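In what comes next, subunit A is part of two complexes: it sits with subunit B in the first one and with subunit C in the second one.
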Partner chain A sequence: MKMIRLFHLMHKFEEYNEEGNVSGESTALDDVSVEIEKGSFVAVLGHNGSGKSTMAKHLNSLLLPDGGTVFIKEYDTRDEAHLWDIRQTAGMVFQNPDNQIIANVVEEDVAFGPENMGVPSQEIWKRVDESLKKVGMAAYRTKSPNQLSGGQKQRVAIAGVMAMKPEIIILDEPTAMLDPVGRMEVIRTIHELNRLEGITVILITHYMEEVVDADRVLVMDGGKLMMDGTPKEIFSRAQELKKYRLDVPQVTELAWELKQEGIELPDGILTIEEFADALCAYRDALK
Partner chain B sequence: MIKDITIGQYYAVDSPIHRLDPRVKLVGTVLFIVSLFVAEGVFGYLAAAGALAFVIHMSRVPFRFMTRGLKSILIIMLISVSFNIFFTEGTPVADVLILRSMTWEGLEKAVYMAIRLIMLILGSTIMTLTTTPNALTDGLEKGLGFLKKLHVPVHELAMMMSIALRFIPILIEETDKIMKAQTARGADFESGGIIRRIKAMVPLLIPLFISAFRRAADLALAMEARCYHGDANRTKMKPLRYEHCDRGAYGCMAAYLVLILILKFVWKGWIAG
Partner chain C sequence: MAITFEHVTYIYEPDAPVVQKVLDDISLTIPGNQFVGIIGHTGSGKSTLIQHMNGLIKPTEGTVKFHGEDIWQKDYPLRQLRSRVGLVFQYPEHQLFEENVFKDVCFGPKNQGLTQEEIEQRAKNALSMVGLDESFYKRSPFELSGGQKRRVAIAGVLAMNPEYLILDEPTAGLDPVGRDEILDQVSRLQKESGITVILVSHSMEDVARYAQRLIVVDDGHIRFDDTPRNVFRHREELEKLGLSAPQVTYLAAALKKRGFAMTEDVTTIREAKDAILQALSAERENRSGNGIQKKEQVKTDD
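Our next item is the complex of A and B:
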């Protein structure tokens, strides 16, 4: 089943001059069409200003199309009657952990979404328990968010979305402000939710290492969808990625450089393990 | 450090007073303050003091925490007490020097005034010591719910209050950071006269405001993404509900008020008779 369908999505932002009058338009999304399968883990890459966040906001009805259509399951995002269904189905996690936690106590923040949806109190308690367990934050439920690390805050934010029982989670650079440990915690949590709960994940990121485990990678540039494929396919096209001002993971780069020097390694090596295996195979072949 | 400041002054222990519904405590505090102005005569004040002592004892908060609040009003108290002593008409205390302008009536009034002020501060301190800011916000939202009929945005105000509580420590920390960053660039916040210091605050306030607005925009987006749309059809994870002890507390308050009124009339009759 397709969870998300974008048809020729266009988005324009008005530009203002110094007097505050509209001086022109900039196209943030230009004819983007893509369909995303239920349960898949999709990573979105792109240089700054390529339109990733703008696209993410369209998946939650936070922005509406200037052209084309967006469907979340069977709901058109322009259909106001289903606004709350759309926002419940497609949850959003943002970059700054501090600016998306609303309540002063962890458990009350997780409850914020269900409260807005009008879920009865007892059911809210159940959902809060479950969601905090799923992200491994149950021990912190009565703490103040200010006492948590960045990674923990981000996991609370994810729990807050999970408590709304979404089918899709869209994460807009959730690890950009975290230290390596926090990043690992968050990425592991997202993968678990994808694998165990069957949640469809859209992960926007600048870290190539977070992309290699995705099912599918989308590359955006200048508001257009430029590349679409598995991580292996995408990272084999290192030259093309460079054109969009993107890097490949460091091991992939290293393997590619070695290959240029005449060492025969396969294309699209993504992890250190793969790289080690390929090197061993190469050594054995030399003997 | 600067970010360790806590808001409010909640004293975390478990006590019957802590467990009371915040609405009960709000109503109780207001009633107590009113009763202080209604009460008259020695017995009235004794009754008020007795009730206060009882609640303080029940709250299990050490007494020295209560008296902290008193320090801040010491000056106000001194001023109002001396005004009363010197500017009340009546019989002078004695015919020497300064005592000539003091009156017995003034002294009596001043003593009552001081007692009243002290009890007023203690009474309202108990509420903030035993109620978390969150619970207080919830209590205000629900307790003032009837104002919605008059189009007072009670829910929105409560939401703003609770968001402010969440962000004040974050903004304080940020101020600290910006201050250090500006100091590293040669800004000087500590020396000079008051005008200079205020001027020095400008490079501190501008980044702080910009960041606060950005945070507000982010937060609004995050709230919208989580289906926030005011209090229409909103439920609560922890709805406020009166328990037996809350009803008991209301009963005690009613009894206390009646007692104060009776004592007042008895006292008046006694004076007249």
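Our next item is the complex of A and C:
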């Protein structure tokens, strides 16, 4: 089943001159078509200004198409009658945890979404319980968000989205402000939600290592969808990625560098394990 | 020439019932002409630490000295200190406000009492140091990309001719090429002009690649202060502190475990490449002759 369908999506931004009048238009999304399968983990890469955040905002009606159509399940995002269905289906998590947490106690923060949806209070507390458990934050239920680390705050923000029982979670650079362990916690959590709960995940990131376990990688440039494939396929095309101001994980680059020295390693090595296996195979073949 | 901390303690709200030491008895010297990395998990105290360096925060106890003088003694020119120790905050592009790039960069030196000519010269130099040419001068900062805005903000601090440049996560939220561009330029600037750069970062790969010295802050203490290579030897301790080591460091450990005769002291791609090539050529020699003897050697190395 397709959870998300974009047909020839266009988005334009108006440009203003010094007097504040409209002076022109720029195209942020240019004829983007893509379909995303239920339960898949999709990473979106692209340099600053490539259009990936604009695309994300189309997935829960924060922005509406200037051309083309976006469907979330069967809902057209322009259909105001289904606005809340769409927002409940597709939850968003942003970069800065401090801008997303509003309550003074963790459980109240998580309860905020379902409360707004008019969920009965008995059911709300059940959802708060479940959501905090799912992100591994149940022990912090009565704590103040101020006492939490960045990674923990982001997990609370994710729990807040989970409490609305979404089918899709869109995360726009959720780890940009986190330290390494915080980053790992968040990435692990969203993989668990994807695997155990069947949540469709759209992860926008600038960290190539966070992408290696995705099912599918989309690469954007200049408002267009330029590449679409598995991490292995995408990271095998390192030169093309550089053109789009992107990069590959350190082990992938190292494998490429060694290849230039005549060490025959396969393309698209993504993890330490794969690298070690490949180098062992190379060693064992040495005569 | 140095920034010196002598037993610096900082307590947030000293009168609160539970006293929380954000910095706890820190002593530290940062001389001129160094590239220093600072790492620590969110809330470790590293931002508080750097804000002591240019007198934005006053220590609760202890002394901060600049070139041997206590910066909190009476009549010390703190304002002047802040142009000699330039601090670029996180997301500095939020602080751009002038109508064009050139004016924005002129703002700092303008407050230093220079002539118009000197101000413009400073701004031009600073912009060229961050790789922005004349075509950017008249553009509005708001129409630039994230990486370009950040470079304008860094130029604004450089235009004050600081002796120390402190950058608080200058690459957060930038794409990979944007990250490399900024850090390459800062690194070149550091080498050419001999200023000291202090880079606060969450990227272990970046500090490994650029810093000569790496300071690890945790819970208001300095846990490590050494070369990146020596610091990243403590992988497990770093993980307990919410940090990690570069991916290639973990790779080197994994390869060693799988029987490659190679060092784990690898922190950059280049070092990893050299170490692997060396291990492979040892392996080739090994196979092409007295294999048994060499194998024993590897064993004793372990």
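We adopt the following convention: the second predicted complex is superposed on the first by the 287 of 287 C-alpha atoms of A that agree within 3 Å, B and C clash if a C-alpha of one lies under 4 Å from a C-alpha of the other, contacts with A are read in each partner's own complex, and residues count from 1 in each chain.
The rule is simple: a contact is a pair of C-beta atoms (placed from the backbone, for glycine too) under 8 Å apart; a residue touches a chain by one contact, two chains touch by 3 or more.
Computed from a predicted structure; not experimentally measured.
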{"item": "First (subunit B), second (subunit C), both or neither touched by A:60", "value": "first"}
{"item": "Touched partner set for A:231, first subunit B, second subunit C, both or neither", "value": "neither"}
{"item": "First, second, both or neither for A:174, with subunit B first and subunit C second", "value": "neither"}
{"item": "Touching partner for A:166 - first (subunit B), second (subunit C), both, neither", "value": "neither"}
{"item": "Touched partner set for A:223, first subunit B, second subunit C, both or neither", "value": "neither"}
{"item": "Which of subunit B and subunit C A:251 touches, first, second, both or neither", "value": "second"}
{"item": "Partner chain(s) touched by A:47 [first = subunit B, second = subunit C, both, neither]", "value": "second"}
{"item": "Touched partner set for A:261, first subunit B, second subunit C, both or neither", "value": "second"}
{"item": "Touching both subunit B and subunit C, residues of subunit A", "value": "none"}
{"item": "Subunit A-touching residues of subunit C, taken from the complex the two chains share", "value": "40-43, 99, 140, 143, 145-147, 169, 172-179, 202, 204-205, 239, 242-244, 246-248, 250-251, 254-255, 258-260, 269, 272-273, 276-277, 280, 283-284, 287"}
{"item": "Of subunit A, residues touching subunit B in the complex", "value": "57, 60, 62, 84, 87-88, 91-92, 94, 96, 98-105, 107-108, 111-121, 124-125, 128, 145-146, 160-161, 164"}
{"item": "Of all residues in subunit B, those that touch subunit A in their complex", "value": "133-134, 162-163, 165-166, 169-170, 214-215, 218-219, 221-229, 233-239"}
{"item": "Touching residues on subunit A, where the partner in the complex is subunit C", "value": "15, 18, 46-50, 95, 149-151, 173, 176-184, 206, 208-209, 242, 245-247, 249-251, 253-254, 257-258, 261, 263, 272-273, 275-276, 279-280, 282-283, 286-287"}
